[in-house]
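Below is the structure I would like to discuss, written out as structure tokens.
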Amino acid sequence: MLEVSNLECVRGDRRLFAGMNFSLQPGELLHVHGANGSGKTSLLRMVCGLTAPAEGEIRWNGESIRSLREDYFKDVTYLGHLGGIKEELTALENLRISAELAGVDAPEDKVVVALGKLGLGGREDLPAKVLSQGQKRRVALARLLLCNTRLWILDEPFTALDVAAVGVVQDLLSQHLHNGGMVILTTHQEVDIPAGTVRRIHLGLQ
Amino acid sequence: MLEVSNLECVRGDRRLFAGMNFSLQPGELLHVHGANGSGKTSLLRMVCGLTAPAEGEIRWNGESIRSLREDYFKDVTYLGHLGGIKEELTALENLRISAELAGVDAPEDKVVVALGKLGLGGREDLPAKVLSQGQKRRVALARLLLCNTRLWILDEPFTALDVAAVGVVQDLLSQHLHNGGMVILTTHQEVDIPAGTVRRIHLGLQ
Amino acid sequence: MKSRHKRLAFIVAGLAGLGGAAALVLNAFNDNMVFFFSPTQVFAKESPEGRNFRLGGLVEKGSLKREDDGLTVHFVVTDTHKDITVTYKGILPDLFREGQGVVAQGRLNPDGVFYAEEVLAKHDENYMPPEVKDALDKGKAKNVATPTGATLITQ
Amino acid sequence: MAKKINWFKYSSPQAFYPLAGKMIPWFAVAALLFTLPGLYFSFFVAPADYQQGEAYRIMFIHVPAAWMSMFIYMVMAGYAGMGLVLNSRLSSMMASALAPTGAMFTFLALWTGSLWGKPMWGAWWVWDARLTSELILLFLYIGFMSLYAAIDEPRRAARASAVLALVGVVNIPIIYFSVKWWNTLHQGSSITASKGPTMEASMFIAMILMAMAFWMYTIAVALMRVRCEILERERHAEWVAEVLRPSRAR
Amino acid sequence: MPSGWPKYYALHGRDEGREMNLSEFFAMGGYGFYVWGSYGVTALCLIVEVVLLMRRKRTLLQRLGRMSRVTSTEVKNEIQT
Amino acid sequence: MTSLTAAFRCIVARDITLALRRRADVLTTLFFFVIVVSLFPLGVGPEMATLRIIAPGVVWVAALLASMLALERMFYSDYRDGTLEQMLLTPQPLPVLVLGKVFAHWLVSGLPLVLIAPLLGVQYDLPPEGLLILALSLLVGTPVLSLIGAIGAALTLGVRGGGVLVSLLVLPLYIPVLIFGAGAVDASMSGLGAQAHLSLLGAFLLGALILAPWAASAALRISME
Amino acid sequence: MTSLTAAFRCIVARDITLALRRRADVLTTLFFFVIVVSLFPLGVGPEMATLRIIAPGVVWVAALLASMLALERMFYSDYRDGTLEQMLLTPQPLPVLVLGKVFAHWLVSGLPLVLIAPLLGVQYDLPPEGLLILALSLLVGTPVLSLIGAIGAALTLGVRGGGVLVSLLVLPLYIPVLIFGAGAVDASMSGLGAQAHLSLLGAFLLGALILAPWAASAALRISME
């Protein structure tokens, strides 16, 4: 479904990788490995369509994502180093707005349930700025429960999470794969996904 | 050496913990555990002297850190969620300046060696902004090699680090403890320190 | 499919907006937005009263008079319909000639004399050697003179 | 992909670098060849004006400089747009190579205009439409260059400043038509398609010669600058090392 | 003044056809400051631009030359990976 | 089409909520405007005749500076916390979202200036008609400032020190608005009627409405690379 | 004592290096100043007589605004990236570090204004003596602005939208400096001699030098809680 061919990434003066090819089928998870600075974040942003590749192409269902644009974004959820959480808004508002912009219907009770699942029950109405590092991250992850996109692109989703939360996210991932979703993620922690095929890419020779 | 008595922390409306007592002797490491939002960061900032406790006292060598002030800071190195790295300066400049402000003599070659140990050899002269997440974190950690303070307070030092870097930091910690240093750290990852006594505090009943 | 419709709608809206903008621009140019006022406008009380403004027109031939101090001058500005006398103390620009365009900044006194604080010369877009000018003047004087006046008076 | 089509051959910096090197001397010579008769005509052939006397000779650099300031901006914006749409590196390099020269000609138009305005109008500067819009042009050039310099990543810098250049294009027709639309102190155009030039032939020739000289100069200088730009941006490419080898032997 | 020089129309063209002399030429009918100020600054700008460009090119070549000597092998490796 | 308006409304509502949460921000743009206008009599001296002449210019320059300063807030906080990134990955056309943001921004930082300007004009002894035209010209002119400013703000997003660089890019484009805005008041006070100036401002507004959202969204995409 | 001067020098050197790395920032404060001063003739109209009257006020107000805008840069970036946190944990007295930062900030954002002001004054047709006094008054006055501003900048650090809130806190304190600064030029141009005004400015400077670093460092400690 997602095909990447001959991808090249140049940051500053350095060519981080070149000639990268892979494809991802429904139910598959791609784990991008690599040392610090090997270009994982850069790769993920390219696959999202945030950065244009120096060379090569990324196709979704056979069409280039450059030409699909908004139609591609309908199918993608990205979670970057930055959570995309507005500090002044409450967890609830944050999620409702991002769902609405994603074109998804998210009634309040559904959002509350999602937050509850991530252990933020009772904190729905706190402004995000008073949440701790890990709690903010959880709010960001709750988006995965709301959107029904096929491709999830997650950059270090487990940072700042405690063990309980890591478990919740692992379950989420298995379920998504089970339902025929696709996932691309990076993480330095060792995490295992029970269901679905896990493929790996290793970046960087340095 | 470090004694904490009857410490209480209140953030917003919530009392995160109260009546906390512990003391730390040379060669000991304190691992602060707790779920997200249980108040680990808040505790560490208090112990640094950045925040005033709601109740209770923190003593260093028997004297309250409130009255010691600058004399206490001579013995402490703190590494927070933010690295304290200026993006426009190179890794080298960043370290030299922070050493100089800490009142430590840090000739260029010593700094270069420190950076080399953390796997940044050859990147000394790049402005920090072009470094990746993990590389920035490594620069911040290199400070530990330069300062010769007794008490290290590290808030999630392993975030964003790859396996190799985690190993280096572990070695650093063992060595510091071995030399009679003290460490307080938080981390969600399971990390073991070969040398020295490890004590644990668990925060939060939620 | 759907995004194409959207795109079309955007383009239509854009064109409509541009059309509206063009209409407004034309409307603005129909109205009078001027660097200066002509004597006719001044007589029609279109110019501001009691404050400074710019008066533009041709210096009437033979109207320039200098006072003894060598600095103060009087001349008449005309747009061929109305005349206004101007008094100015200071150095005139080199291009200041009788029969040529001028823009004077200052205020109109109740006595109908315009007291200028600054005098700028405005000239036309014709460049030619003097003898050609002479020849032209002899031949079809009117044709050359009108464009000069026209640039000044038309708005 | 683009390389397969023949006339795209020179759109790669690698191919263009030596080509530009070969073209520079020709344009430099052409600039000189236009300047000499241009100056001769300006001072020795063209007669004094019936109104402005000798001062009008400023025209022979004022008008070409003003023309070039607008023309270079258009070309620069064109290249910038091409760089943005086609993602071709060479176009953006051309755009940033043209900007300083364009800014210089804008400055010269302002400078010579002021020096001309003082004796003729009686003021160095007035805020009329033509003068103001030309000043805005200078600011646009400066903005383009500073934005380009402020962003470290060359590709992003090129694309961001391209957007600015394209937005600024609206200013060009305003400069050009300002004398028609508003009642400016600046004179109307002397050269119009309908009436032909309202100036003496020798004056017209001198102006055209100087304009050609400026034009050729611009091309030569822009090519020189784009060569530097290419080297700087592609310094890690293999062909640059190849190019540099003979220069080291020298 | 070479006698073969063309005719030059003097100030305001009243006595046309008179030969000019050098100081009159520089006086520009009283507008010397303005005319030469324009031409002078223009020439200066053009020349300075060219000189700056040549200098930029020279230093650039020097720097790149130094760099290519140091890293030419490294660069190749990077490209192959 | 309905999804477009829904997205537009969602963004506007969001940004206004945010602005109300940090009310200090909104008030301080206004305060800046008020204080700049009120500083001039202090710096220049209290002669009414002089003040009346400089009034339109001062008010307009102050409005221009105030809305330029407020620009920084248009995208920066969204950029910092990653919500902008998310917005770019939304299945809505970016120009619509940008237009929503600009509109909300104007409601919060431009409209208050329009409403308070007549009060400040009274300080400078402007006649009632002058006050009316002042408010009108600001009403048409400040949205243009916000729209043009959006382009500058978007272009300088990633750039360090962009907060001030933006003025370099944006001020030249503001100049015409300033000239015709202040010109409108001047013209009306000297009895000429401000219609021509106002229709030109209107033309600017339409043009900016069409072009600016596109340019700004292109700039945003570039800045996020 | 030597360690104090060493720390002071280290901070000044660091901040100047940083400023040179983002040269655009420095240039754009200056540019802002230049453009504000140059906008006024556009808004007000080009009459020399009026311009000469308003010149000192305009230049001083512009300097005040420019240095107020530059304030944001004094601590904010250090706050964002955690270097400020580290500075608070340094075994050096905080007021010394703050003074170093303020001094570097003035060198980079205040001094250029002083140097270019006479050039801008020429635009407004000021006589040579007026130009001299203008530059002098700015030379004494702008450090006061930086010092007072440091307190405001430190107080509003944690606060969202502080960039504009700071003006609310700082402008009232700037007003005396403005009045006496512009007054000095006015006085000298009307033949009265600017000495009295200048000595008052000098007194402000001394007072601010003593009080501001303490106040600002207390504010910093509070903001970082």
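All chains are identified by letter, namely A, B, C, D, E, F and G, in their written order; residue positions are counted from 1 within each chain.
Quick note on the criterion: contacts are C-beta pairs under 8 Å (C-beta built on N, C-alpha and C of every residue); 3 or more make two chains touch, one makes a residue touch a chain.
All values derive from a computational prediction rather than experimental measurement.
Engineer: Along the graph of touching chains, what's the shortest path length in steps from chain D to chain G?
Structural biologist: Counted as steps through touching chains, the separation is 1.
Engineer: Which chain has its C-alpha centroid farthest away from the centroid of chain D?
Structural biologist: B
Engineer: Could you see whether D-E or C-G has the larger number of C-beta contact pairs?
Structural biologist: D-E
Engineer: On a C-alpha centroid basis, what's the spacing between chain B and chain F, in Å?
Structural biologist: Going by mean C-alpha positions, chain B sits 45 Å from chain F.
Engineer: So how far apart, in whole Å, are chain C and chain D when each is placed at the average of its C-alpha atoms?
Structural biologist: Their C-alpha centroids are separated by 32 Å.
Engineer: List the centre-to-centre spacing of chain B and chain G in whole Å, with centres computed as mean CA coordinates.
Structural biologist: One centre to the other, that is 36 Å.
Engineer: Between chain A and chain E, tell me the centre distance in angstrom, where each centre is the average of that chain's C-alpha atoms.
Structural biologist: Measuring from centre to centre gives 58 Å for this pair.
Engineer: Show the residues in chain F shared as contacts by 2 or more other chains, in ascending order.
Structural biologist: Answer for chain F, listing residues that touch two or more other chains: 22, 53, 77, 93, 159-161, 165, 168, 171, 175, 179, 207, 225.
Engineer: Going by the contact rule already set, what residues in chain D reach two or more other chains?
Structural biologist: 47-48, 50, 53, 55, 119, 126-127, 132, 146, 150, 152-153, 235-236
Engineer: Name the residues of chain A that each touch 2 or more other chains.
Structural biologist: Correct list: 11-12, 52, 70-71, 81, 87-88.
Engineer: Tell me, which parts of chain A touch chain D in their complex?
Structural biologist: Interface residues on chain A, with respect to chain D: 11-13, 52.
Engineer: In their complex, what parts of chain G are in touch with chain F?
Structural biologist: Touch residues, chain G against chain F: 22, 24-25, 28-29, 31-32, 35-36, 39-40, 42-45, 50, 53-54, 56-58, 60-61, 64-65, 69-70, 72-73, 159-161, 163-165, 167-168, 171, 175, 178-179, 182, 186.
Engineer: How about chain G: which of its residues touch chain D in the complex?
Structural biologist: Interface residues on the chain G side: 24, 27-28, 41-42, 46.
Engineer: Spell out the part of chain B that touches chain G in their complex, as residue ranges.
Structural biologist: 48-52, 70-71, 73-74, 76, 78, 80-89, 93, 97-98, 100-103, 127
Engineer: For the complex, give me every residue of chain F touching chain D.
Structural biologist: 151, 155-156, 158-162, 165, 168-169, 171-173, 175-176, 179, 207, 211, 215, 218-219, 222-223, 225
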